[in-house]
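So that you can tell them apart, the chains are marked A, B, C and D in the order they are listed, and the count of residues begins at 1 in each.
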């Protein structure tokens, strides 16, 4: 059952990610992206990372996609068809990408990963919350703070950049 | 207070004075006063030098002073002079002062013009007083950069092209030079010298391995040689000179090209004598070509400045030729030729500038008969021409004879044949000088408008007269100058001939 | 022993006269400059005569031999311990004789010019250059070393240039002055190289050491060096090349006829009497070297002299320009002098040629200066150089006529005029030394008489030309010099030259050879009679003769096409096939190589620039593919290691 | 931990998604689609993090945390990027990446 689920989800992710990068209607591409994100959220659920999956759903699928869709609305017409990439560009990009994928896959398939350990850490929300604000070993307060500052800076930056310039 | 530092302080003060000047008149006067002080100083330096020598001081360099500048790499600001640099400093003093006088009427961006000019001259003065290769190089660059501005902004004709070409070629040369200097530096730790050094006096005590010299001698020689218009790296000279404003042509041909000869003598020959003896023949061939080729090239030119540029190639080729002979007489001749050529080209370019200002053309095909309307300038031009073709009593003769006599002392046939070929340049020089004199000054007046030209005004007269006095003085009483120089050549020649077994 | 220290004043006075007139001439009354020049020259003449007197008659001899005296010497430029140039005064028979010649002729020319140049614009300039020339010439003859000679040699060259180009707004004068300078400069190149070789083998410039017949200089450099001749021979041949240039010997004579573009007094002074004999003087100065060390070179001198003499005499017969005839006659006569040197030996009886040559130099200076000054008077009177436009002038210009006749008789070698004595001695020397040359010289003597009298008769007799303005005798200031020189031409032959001026300083017997003198005079008379027959009355005989000679006449009239050959060499070969290609090569090849380097740099940077396209995706593409390549490389190496 | 599904499966999946994202990044012209491609890439990385965490170091939570941070950073990035895109749009009236090449040379 789980196996089947995995195949379904990964199939969905693969298909929609391909559609995302090839679709010529931008709004549809955004929606396809949404499905990719949803699919990965599903995978996270399957791996028992509930919190992460929830974050994925809310932030990614909820926040980011909405933001993207809004910006699409602001900058393009919904019905507008994107011009397709040049053949040369596509072919060369595809070659590079295929080569990259081949190399990576080759490396992955040739590498014997160590055996899986049995101990399992729980990933409940409580643990996550504690660890996120803990400054002891296994604590993540520093990255947490850094991210906070980053968020703040991004917020300020986004406002300033997007602000309409005064004409001099 | 070391007298030599004054040569750097005075220009700085002059530049400050120019900066705070309000009117053009003030700018000119402060430039003239500053450079006048430089001139007086440089002449005083000769006497101070002679006095010090007569007091029995037999150091290689006098008035030396060293400041640590970049301690960890042992870069020093080290100054000092010997007879060669003293005489070249005097030359610089004369040329810059007369150069300021001839540019009296520069109206466009006067302040900037004089500042650039003075910065340029500072570079030259600094170059001649430096004993440390690093500061020497620094001053070398300091002299080249303002040249770009001066030609590019105040030039005439295809000035951007000329400025670019000149600067790029000189920069290319200085790249070679830098490698050469660094090569000397990193190889300076030899027996008897525990520390890396750029100091010429220290370096001269070291016997560099021949392998090292073989690599770096051509670099340094070519690096300085480009500045000295060594064939085939001379092509910046015709374009550069013809586009440069008068004072810059004067300074450039008069002084800057001499830095090439001085550098070849002081750095290439002095510090790397083995390679000089071993590889000299290549450069002798090149310089021989320079001399004859420049002269032939000058015969058919139509632009006055081109004629002079090619003649400079020929004369400066003679300087390098003489240096390469590694003989005392001819090296003496080389230094004399530098001074002589400096003075007479400065005079030439000054006069060409003045004539151009009146006739608005430099093409000799459209001129003629100027002797009638501009007698003063015409006579000066003839004197410059005679100096250039080596008339006894003027400076060129002294220098050329020293070179020829010295070069002919070599017992090897190769050197003698080269000397004979080089000698033939005196005939070719006569041909092109007389051709231009005939076309420019003599004959009937070709252009009706020339009948109304005005002869020289006071500052033009002043600058030409100063130069002519220097040329004639050197030509009539050459002994003291020649002695001043030849005494200082001893260490260099000793070093060259210790290894020279012929 | 007299110190002779005052002799140094001779050049010094002239130098200051030059400087003073040159600088201040424009600011004062123009005639004043002429007066100043003349007065200073008068002083110099007095000094020279006094020097000559005290040298020849009072102090000069020691043990029956005239000594070389150096009353003044100062170091001017030092090359090395042994090689240095000194400026000094060297008195020996030839230099003292030359001083007399120069100062006399120059003084006469100065006086003459006061009248002749009266109307001229460049009056001050003219006199200052005359002073410069006389200064340089005296400096040349009193030189103590060969380099001093060279220094003044160049200076005379330049003053000659300046004076030929006196009428600088005439293109022909400018071209002539240029030609004179460049041709002599070319010869000086040989001279210079000769000096260099000489100094190299003997290690000195000093005449005293060089020409010491017992000294080491004579024997040095006798090893065979090049093409079967010794080094010394080559050096002396090269020095002779310089002499040939100055003295207008074939094939470097081409400048002298053109030099007649200068004012006539200048031609008289420089291009007849003094400067052109500098070559003869220099050979004479180095005579011990030539005679004892390199007889081959001396033979060359003799043969070149003889050939030039004949060659120029032949041309002189065909020319019509008065001054050009005189110029070719000068060349011919200098050839005589060179021949005299060439057939001479050193010392004793053999030294006759040397002495005769110097004697002829002396006499020639007088009568040739006279001829030129007369020609000047004629030109002054009729305003034309061409003798075909003159005739019958004897009625208008008696003084000029008589003095000209005297000069012609002197140059033709008619006794008792001066030319007879010196020419006869040269012929004797040639006869004793080389029969072939003496035959040639007899022919030249005949030709000389013919062309001189051709000129004389055409100008003063012949047809009665109608002049636009009646010609008049020259003013007194011009006539007196003529008379003085005529007297000199008539009388100087009686000076016992052999007692004074010889190669080794001791007196030479001057035997009178009837078997030479009589034929010589006969030949001369024959020439005169022929000229009289052809030219005394107007006739068409000369034209008939010339046309019957046809091509031969034309070739001679065209001066054997030497000028054309020179023009071909300079214009075509040097200008068109060397200089123009060099200039082209410089612009196109060398410069374009440099520009090409710049263009290449530029080209490469343009190409590189397009990498920086601003296209985000291009960057990303390069980054990704680069990364893949790097990974592949890393993998490859990880496997191998 | 999913029975029968090894780590390799996840890695293959994420690799393909990752390179698909790169492909999109290289070929799309619209800035927003490029942005979406980067989101794909980030997502692929997230999958990797999580998979590694689960399969290799189940006793730790680093993978999860980093995935969290990545999500946070992705959010900020999108915010800023969209701000840039919008101001670019205002200025150039286009968001075609090939036309936004003022930085050329």
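Keep this in mind: a contact is a pair of C-beta atoms (placed from the backbone, for glycine too) under 8 Å apart; a residue touches a chain by one contact, two chains touch by 3 or more.
Values in this document were obtained by computation on a predicted structure and should not be read as measured data.
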| item | value |
| --- | --- |
| Chain at maximum distance from chain C, centres defined as averaged CA atoms | A |
| Central chain (distance from its CA mean to the mean of all protein CA atoms) | B |
| Chain centre separation in whole Å, for chain C relative to chain A (CA means) | 103 |
| Inter-chain centre distance, chain B versus chain D - centres from mean C-alpha coordinates, in Å | 66 |
| Distance from the mean Cα position of chain B to that of chain A, given in whole angstrom | 71 |
| Centroid distance [mean C-alpha coordinates] between chain C and chain B, Å | 36 |
| For chain A, residues contacting two or more additional chains | 89, 93, 96-97, 100 |
| Residues of chain D whose C-beta touches two or more other chains | 22, 26-27 |
| Two or more partner chains touched - positions in chain B | none |
| Complete list of chain pairs which touch one another | A-C, A-D, B-C, C-D |
| Of all residues in chain C, those that touch chain A in their complex | 617, 621, 624-625, 627-628, 631-632, 635 |
| Residues on chain C engaged by chain B in the complex (per definition of touch) | 75-80, 83, 85, 147, 150-152, 154-155, 158, 161, 165, 168-171, 174-175, 178, 181-182, 185-186, 188-189, 192-193, 196-197, 199-200, 574-575, 578-580, 582-583, 586, 590-591, 593-595, 598 |
| Sites on chain D touched by chain A in the complex | 1-5, 7-13, 15-24, 26-30, 32-33, 35-37, 39-40, 43, 46-47, 50-51, 53-61, 64-65, 67-69, 71-80, 82-87, 89-90, 95 |
| Complex interface listing, chain D residues touching chain C | 22, 25-27, 34, 97-98, 100-105 |
| Contact footprint of chain C on chain B as seen in their complex | 165, 168-169, 231-236, 238-239, 293, 296-297, 299-301, 310, 328-329, 332, 369, 371-372, 386, 389-393, 397-398, 401-402, 404-406, 408-409, 419-420, 423-424, 426-427, 430-431, 434-435, 438, 441-445, 477-479, 482-483, 486 |
